[in-house]
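As structure tokens, here come the structures.
In the two complexes that follow, subunit A is the common piece, with subunit B as its partner first and subunit C second.
Presenting the complex of A and B:
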């Protein structure tokens, strides 16, 4: 390894850009997981399968029906949102009603089971083949004598747009404000006449939609297959541990940071080592700052 | 009767009942105080009235209407407000956002919301000064003011208060009780759980004492004051 290559501004730029693209996906996945955990307290082990659903929707809309890619993304967001709503109302809510005080630990079993069911349904419907879309956006931009593909930049831009939309929704929409309130004190929100049950449903749908958008955006890198969600799920757990459980802005920062670190690791070591680095980082953070890197004073959010 | 709790049995788990047949009534326009040792079930009684817990037996009636089985989020629209035990502001949201949420049941009616928030500021000018600041950074007294402002901004008929003066500086404690006594002038009915026997009873019309999830005493203020030493013996 020639370390002097890291001093080349062009190489640095490309690595950082690649890292940010990677990180944008991690952030999208982590945001969804964090939202759901932050409001409902449920750790969604089926989050990878929602990513998978998004990638199949993208494949159908863009690969089969030949529609433009942005329609595929909107469709993935919509379909997976509806799936999330159905999962919350049909399963999570039922469990919460029936299982009483221990429903949170039971919900782990529920979402793990759901992941298995969804994977097998995908297997039944599409088989184990991978379905990809070759290139969403053609072309590339030069960075010195190197280049970075326009597609990667588009992925990054669209991921940022999704985050921006979520931010605006949380900040300015009535429902968004109520979701933030319920995350801080659900009982107090109820005393103000806010139906927290509905917020749970909307939040689960939103979190799911983020996983769906991630799956759709990354179809050319992660083609749709029944088990495509496994790696994104692992990465989103890493992001959530680094950023602090239930902390959405922490998930964004941790996702981008992890993406860039991984891009450098792949460049310096080899493909595969980034997963080792991530694992070590997670263990280190759990030991030193269990509340997450971006939580002030080390208190849990 | 305005609020009536009849022979209510309720608890947090199937095996254990915390309330064992509690009887309780609050008269319109009056302050009714619920006293009792720690763990007697005072908060549990309020939580059961508000729908956080379902009565296993017995009934809760508000102005004759059965409340059993209604959810907490429906209560404020029925005119029942609840001050939870401990602080209940949304700490990382601004004072104004907290008040906006207090006006939630006005829905899309911008004018009603704006008017309610303006009234709250007029009543507690300190809150107007700090409207942009995070509610969690307010002092304990200011947080309590925000909670009370949020509580009354929709003009509820019945207020359930769980230990409204706990944790406040002594000089603020009196102002909280004055505030509560003034609610009576606004035709609000108050049901208050409290540990501060002297100050609570001073503004009470009717007093209840709960012990181990069951009624131990009830009577008007004058009677309680007469027999106070005997009634509170053992838990103060």
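Presenting the complex of A and C:
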């Protein structure tokens, strides 16, 4: 390893850019998980499988029917939203009616069961083969002496757009504002006439849809296969813990930070070690700042 | 009105009768458990079928692991989502010591236990101050860290290429070589399991078991009674990790090849053990064996169904979570 290479501004720029693209992906993966946890208190272990569903929808729409890729993304969002709604009404709510103090670990175990079911249903439907879609956008742009592919830039742009849409929805839409109210205090929101039960369902659907969009958007990097959700799940967990549980904007910041750190790790050590670094980092943050990196003024845990 | 009068009147007369019936049931239960134990010990050589023996080994193995998991989650409310990582430490410690320092597999059982116990203690020290969810997330990442570290150090562990492990050395003239009768491994496992289960059975009925249950029910209340919560949890976590390490060592020498794949020592394995513990019924210890028999039985019986059997696996876990939180133990009366 030649450390002087890190002093080269060209290499630095490319690494940071690569890191930001990677980070935007992680942020997109983590947002849905964070949203669902923030409102429902469910750590959704099936998040990776919702990601997988999104990538299969993308493959069907773009790879098989030959539609333009943005339609694939919209379809993935819609299909996975409906799945999320069905999961919330059919399973999570059934458990909520019966669960007591151990809600968090019980709901976690419930979603573990769900993840096993979804993963193996995909296996039955599509086999273990990987299905990819050729590049969404061809070509690349020069950055100094090196290049960065337009595909990655498009992913970065679309990920930012999705995050921006969520922000606008939460800020201005009536439902979004109700979700934020319920996140602060569900009982108070209920006394003010907000239908919290429906809100839970919509939020779960929304969080699921984000996982689906991530799966669809990243199909060229993570081709659709039954086990494709494993790595996104790990990254989502990392992002959510680093950003603070249930803190959506924290998750975005943590995603970008993690992406850049990983890009440097791959460059300095070797491919594979970035996953080790992520895990150690999460453990460190849980030890030192369990409320997350981006919470000002102390604990919320 | 009449009905309620009858129920109100009956308790006075009922206790002796129901007690006698309870004692009768208990006597029958002991007979049935005895018969079951006899069958477990003496039937396999009668069939003398390698395939059947291999399945029985995996039933007992997962039963023991499920019971160890239950010691944590069912008695102290500690969810260890990095369970497979602890198992990996036991396996690799025993295998690598055998390879590099010439220790025997028998010493490896202890080495694996101590290594895993040490990791458990360390993980416990840094995580057990955290509550509920944070404990779960932390252990999840500790488990993944262990697996990924093993996987990224191929110069020592051969990484995903797989580490070949020698079998247990022959002892008392019993042949444990690869290709020998798997019944020898089966009886070794039964012996290990009996020691571990009797120990845990005693443990959860000792003072420690009482304190753990108190902490699980209401930690704040227990703390006001001057229970040193973190220390007692640490004890539970370390003991469970030690026992897991011993089982990991058995696993290594029985299987003969180790690889840090997610299905072997990652999330997949943890999910399997957790499913066995939850389906068996939390806080029952022995329920795990019935769950392991049921789940592995389903897997083997429906081998032709491929992924469907795993779908069934997941559906069972979901159903248990929603409708039968007490697990199979709820149907104990049907069997015993």
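As a convention for this text, the second predicted complex is superposed on the first by the 295 of 301 C-alpha atoms of A that agree within 3 Å, B and C clash if a C-alpha of one lies under 4 Å from a C-alpha of the other, contacts with A are read in each partner's own complex, and residues count from 1 in each chain.
Note that in this section contacts are C-beta pairs under 8 Å (C-beta built on N, C-alpha and C of every residue); 3 or more make two chains touch, one makes a residue touch a chain.
None of the values given here were measured: they were computed from a predicted structure.
Participant: When the two structures are superposed on subunit A, do subunit B and subunit C clash or fit side by side?
Facilitator: fit
Participant: Quick one: is A:114 in contact with subunit B, with subunit C, with both, or with neither? Answer first, second, both or neither.
Facilitator: After superposing on A, A:114 lies in contact with subunit C but is clear of subunit B.
Participant: Figure out whether A:288 sits in contact with subunit B (first) or subunit C (second), or with both, or with neither.
Facilitator: Once the two structures are laid over each other on A, A:288 reaches no partner at all.
Participant: With both complexes superposed on chain A, which partner does A:196 reach: first (subunit B), second (subunit C), both or neither?
Facilitator: first
Participant: Please work out whether A:188 is in contact with subunit B alone, subunit C alone, both, or neither, and reply first, second, both or neither.
Facilitator: Once the two structures are laid over each other on A, A:188 reaches subunit B alone.
Participant: After superposing on the shared chain, does subunit C or subunit B touch more subunit A residues?
Facilitator: C
Participant: Should A:180 be classified as contacting the first partner (subunit B), the second (subunit C), both, or neither?
Facilitator: Touch status of A:180: first partner only.
Participant: Between subunit B and subunit C, what is the shortest CA distance in the superposition, whole Å?
Facilitator: The answer for the closest subunit B-subunit C C-alpha pair is 14 Å.
Participant: For subunit C, which residues count as touching subunit A in their complex?
Facilitator: Contacts found on subunit C: 73, 77, 79, 126-127, 130, 132-134, 136-138, 140-142, 144-145, 148-149, 151-152, 262, 267, 271, 274-275, 278, 306-308, 310-311, 313-318, 321-322, 325.
Participant: Which stretch or stretches of subunit A touch subunit C in the complex?
Facilitator: Those residues of subunit A that touch subunit C are 43, 91, 94-95, 98, 102, 104-106, 108-110, 112-117, 119-121, 123-124, 230, 234, 237-238, 241, 245, 272-273, 275-276, 279-280, 282-283, 286-287, 290, 301.
Participant: Enumerate the contact residues on subunit B facing subunit A in the complex.
Facilitator: Subunit B reaches subunit A through residues 12-14, 50, 52, 71-77, 81-84, 88-93, 97, 100-102, 104-105, 150, 154.
Participant: Which part of subunit A faces subunit B closely enough to touch in the complex?
Facilitator: Where subunit A meets subunit B, its residues are 100-101, 177-178, 180-181, 184-185, 187-197.
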